[in-house]
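The next part holds the structures, each set out as structure tokens.
Same chain, two partners: chain A is paired with chain B first, then with chain C.
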Partner chain A sequence: MSGFLSQFGEALPFFAQGVVITLELTILGAALSVVISFIFGLMALSQSVGVRFVSRVFVEFFRGTSLLVQMFWLFFALPLAGIQLVPVATGVIALGLNYGAYGSEVVRGGINAIPRAQWEATIALNMGRVQRMRRVILPQAVVGMIPPFGNWLIQLLKGTALVSLIGLADLTFETQAFRDATGNTVVAFTGALIIYFILAQIFAVLMSLLERRSKASIGQPMERRALGGLGWRLGGSEAA
Partner chain B sequence: MIWDWNFALNEALPQMLGAFLKVTLLATILGSVVAMVLGLILALLRRSRIQLISRPTGWFIEFVRSTPLLVQLLFLFLVLPRVGITLPAFTIGIIGLGVHYATYTSEVYRAGIDGVPKGQWEAATALSLPPRRKWQDVILPQAIRNVLPALGNYVISMFKETPYLLAITVLDMVAIAKNIGSLNFKYLETFTIAGLIFLAASYPAAVLMRKLEIRLGH
Partner chain C sequence: MVTEPTTNGNTTGKGQSAPDKMVRFDKVVKRFGDLVVLRELDFEVAPAEHVTLIGPSGSGKTTILRLLMTLEKINDGYIWVDGEPLWHMDQGGKLVPANEKYLRRMRPKMGMVFQQFNLFPNMKVLRNVTEAPIYSLGMSKDEAVQRGREILELVGLSDKVDSYPSQLSGGQQQRVAIARALAMNPKILLLDEVTSALDPELVAEVLNVLRDIAHTTEITILCVTHEMQFAKDISHRVMMFDHGQIVEYGPPEKIFSDPEHDRTKSFLRAVLEAR
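Up next, the complex of A and B:
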């Protein structure tokens, strides 16, 4: 065990470098995917058939083609069409589009879950469409979106490992670099799995804190349940 | 025009479809079998009254679920030979996919089992059915029927993650796309075709699952 720990210590500089890139991709990818989620989630609720159709096509396209294929397409194929992205941008865009497509369903579902009476109340108060969304519907809907977004954040964190296949020096890439340099396969990959696990737990705790705060902000009672990562779950039907 | 139809239709497509059928689909089917069976076992172990069984099962599920499949595959591929287990890369891929998704399906089964009405459990007790018959003939048929769409959705998810196997030297469709694309820089054709094949297979399947959900009254 002490052997493992000292070897783990040797691996730490590699892991530290990799974690920085992994976190960078996770945060930028998540930011882009939230923006895309809201754009296409709101479009899916449009009154115009055309706008809804565009949203539907986007969502089905990016959910239906594999994330790895999308990443490879952006990395290998797009430069041949004359568009060269820096590798980090490739990773962030692929993650943002893919998880944004899933996230738009979260936005749509969150808004649909707001009771009809709330909509009727905004009409009764003679609110405009923008005002209604901004002041009544979205503040409530966002609270319900946080748990599913939290699940997708963990999925996105795991998805960042794919960028190692397009040469970005993330945690997975650095793990392999450490292994190649030292031959310590067991330490390298056990260490990487443990670090990913810890990162996932940290994100889960942060999201549940955010959930509490946002619930409190609209006066919903806080649930009395254990705070923390253990117990986050991915709703089955959201998976595909 | 940078798109080469002749290459796309006569060279890339046949080779990629071959790999799709022989590797991608086969890996999805075999991986799903592992995930369905192992997931049920994990769900039942998780419910065990003996904490020495249920706790570690819960930790295992949580750990596997929150770490990347790609790293798990590399772990299995590189670490297993170290402990004297040598398996073909494809087999390791099936195990990796199967175990990873078993942790998801175990949660689905758990939800399904929890969703069986209390009366059904009581009835099984009232009829003094032995545990085996209670589970086999009363609880599980109802539990699984209700979660079929969720299980199906995970199969679709797994299908889209089978290309990860290329990281452990399995020549799946995407690996073939990369290889033949690199010969004369025709990535645009090969990866576009790869994406469209994934879409053509997963979209109808996803629609089917949505229909099934509606039929089961979710």
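Up next, the complex of A and C:
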């Protein structure tokens, strides 16, 4: 056991470097895909058939083709057309497009889940379309989007492992590098599993804090219970 | 904008406004698929008049209010509100279907209170009331807040301005909804069974607020209710509907105690038995 720990200690510098890149890709990829989710999710609800069609095609294309192939295409095929992206940008764009396609369905579903009666109340109060969306529909819809976006964020975290295949030194890449350097396969992959697991738990807790806050913002305080993931309790205040 | 009355003897004919009326239905047809809900319905409501619509379930009462609030589209005929067509606009002397811009100009004339309140759960009580005056009437924030507080006081909710709707009882929520509608300063108030979702002990507080409004303001009221005593108290006129047509109408004392038609009699008997 102490042998494992000391070997794990040797691997830590590798893991630490990799985690930085993995987090960078996860956060930037999530940010880009949230933007894309809202753009194409709102387009899917447009009154114009053309706009809805564009959104549909986008979603079907990026959901229906593999993230890995999209990434290879951006990394290897796009330069042939004269556009050379740095590897991090390639990873972020591929993750953003792919997860944005899934996320746009979350946005669309979240908005559709708002009862018709809320829309009717905004009409009765003579609100315009932008005002209705911004002040009434979206603030409520976002609350329902947070749990699916939480799952999706963890999928995205795991999805970042693919960037090691275009040579980005993320956690997976560094794990391989450590294994190549030391031949210690067990420590390398066990360590990687543990670190991905911890990262996922951190994101799960953050998302459930966000869910709690957003529920409070529409006047439905979330019952005091454990937070996301494995059910972490922060501090002692939760026990009451 | 307003078409002049014709000179053919009738004060108002097809496609004509009735300048002295607040609401006029002129051969209004409303269908849902094959189901004809309103068939060439005609009626008028005078300014400051309070009219209660009664009739069996499915007779089209809600549909009438929803057409006025522009929540449903009209299929044929004309609705006139405050001397102007609601669903049509004047284009070179011809009435053509209204566009959204025109509807947005007409809608502030009406305010509606729904059976299920339909408050905005993401806004506190005061903001529920000030939101539309600020962003759709363009009222200044200070003015909207001041007016909002006044109206909330009128409905007895001064102490709840900072609560979320979910923290209120049904009766309180419905009073907020009434305040929210009144804050837009509508000429016509549309009330669709506003107490039927409430626990019995909460009905009175809502009806009392509405009585107050009916007796102290100049607002025109179209009201659907099964609360016959309330209808008697506030209505100048009761209209009995069946199958999207008016069976009879008259002052509440007459309709409730001495109706002409068998359908009205049996309807009233059924309502009384249900209590």
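In this section, the second predicted complex is superposed on the first by the 226 of 240 C-alpha atoms of A that agree within 3 Å, B and C clash if a C-alpha of one lies under 4 Å from a C-alpha of the other, contacts with A are read in each partner's own complex, and residues count from 1 in each chain.
Here is the rule we go by: contacts are C-beta pairs under 8 Å (C-beta built on N, C-alpha and C of every residue); 3 or more make two chains touch, one makes a residue touch a chain.
A quick note: this is a predicted structure, and the numbers were derived from the prediction, not measured.
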Report task. Identify the partner contact of A:Arg179: answer first if only chain B is touched, second if only chain C is, both if each is, neither if none is. Result -> first
Requested in this report: Considering only the touch criterion stated at the top, classify A:Pro139 as touching first (chain B), second (chain C), both, or neither.
Outcome: second
Requested in this report: Classify the contacts of A:Val54 with the two partner chains as first (chain B alone), second (chain C alone), both, or neither.
Outcome: neither
Query raised in the report: Is A:Gly219 touching the first partner chain B, the second partner chain C, both, or neither of them?
Result: second
Requested in this report: Based on the superposed arrangement, let me know which partner A:Leu125 touches: chain B (first), chain C (second), both, or neither?
Outcome: second
**Report entry** Partner with the higher number of touched chain A residues, chain C or chain B
**Finding:** B
Report task. Report for A:Thr190: first if it touches chain B alone, second if chain C alone, otherwise both or neither. Result -> first
Report task. Figure out whether A:Leu85 sits in contact with chain B (first) or chain C (second), or with both, or with neither. Result -> neither
Query raised in the report: In the superposed arrangement, does A:Ile39 touch chain B (first), chain C (second), both or neither?
Result: neither
**Report entry** Touching residues on chain A, where the partner in the complex is chain C
**Finding:** 117-118, 120-121, 123-128, 131, 135-136, 139-140, 217-220
Report summary line: chain A partner, complex, touching residues on chain C are 69-71, 104, 107-108, 110-112, 114, 116, 118-124, 131-132, 135-137, 164-167, 180-181, 184
Report summary line: In the complex, the residues of chain A that touch chain B are 60-61, 63-70, 72-73, 76-77, 80-81, 154, 157-162, 164-165, 172, 175-176, 179, 185-186, 189-190, 192-193, 196-197, 200-201, 204, 229-230, 233-234, 236-240
Query raised in the report: Where on chain B does chain A make contact in their complex?
Result: 2, 62-63, 65-72, 74-75, 78-79, 82, 104, 107-108, 111, 147, 149-154, 156-157, 160-161, 163-164, 166-167, 174, 177-178, 181, 185-188, 190-192, 194-196, 198-199, 202-203, 205-206, 209, 213, 218
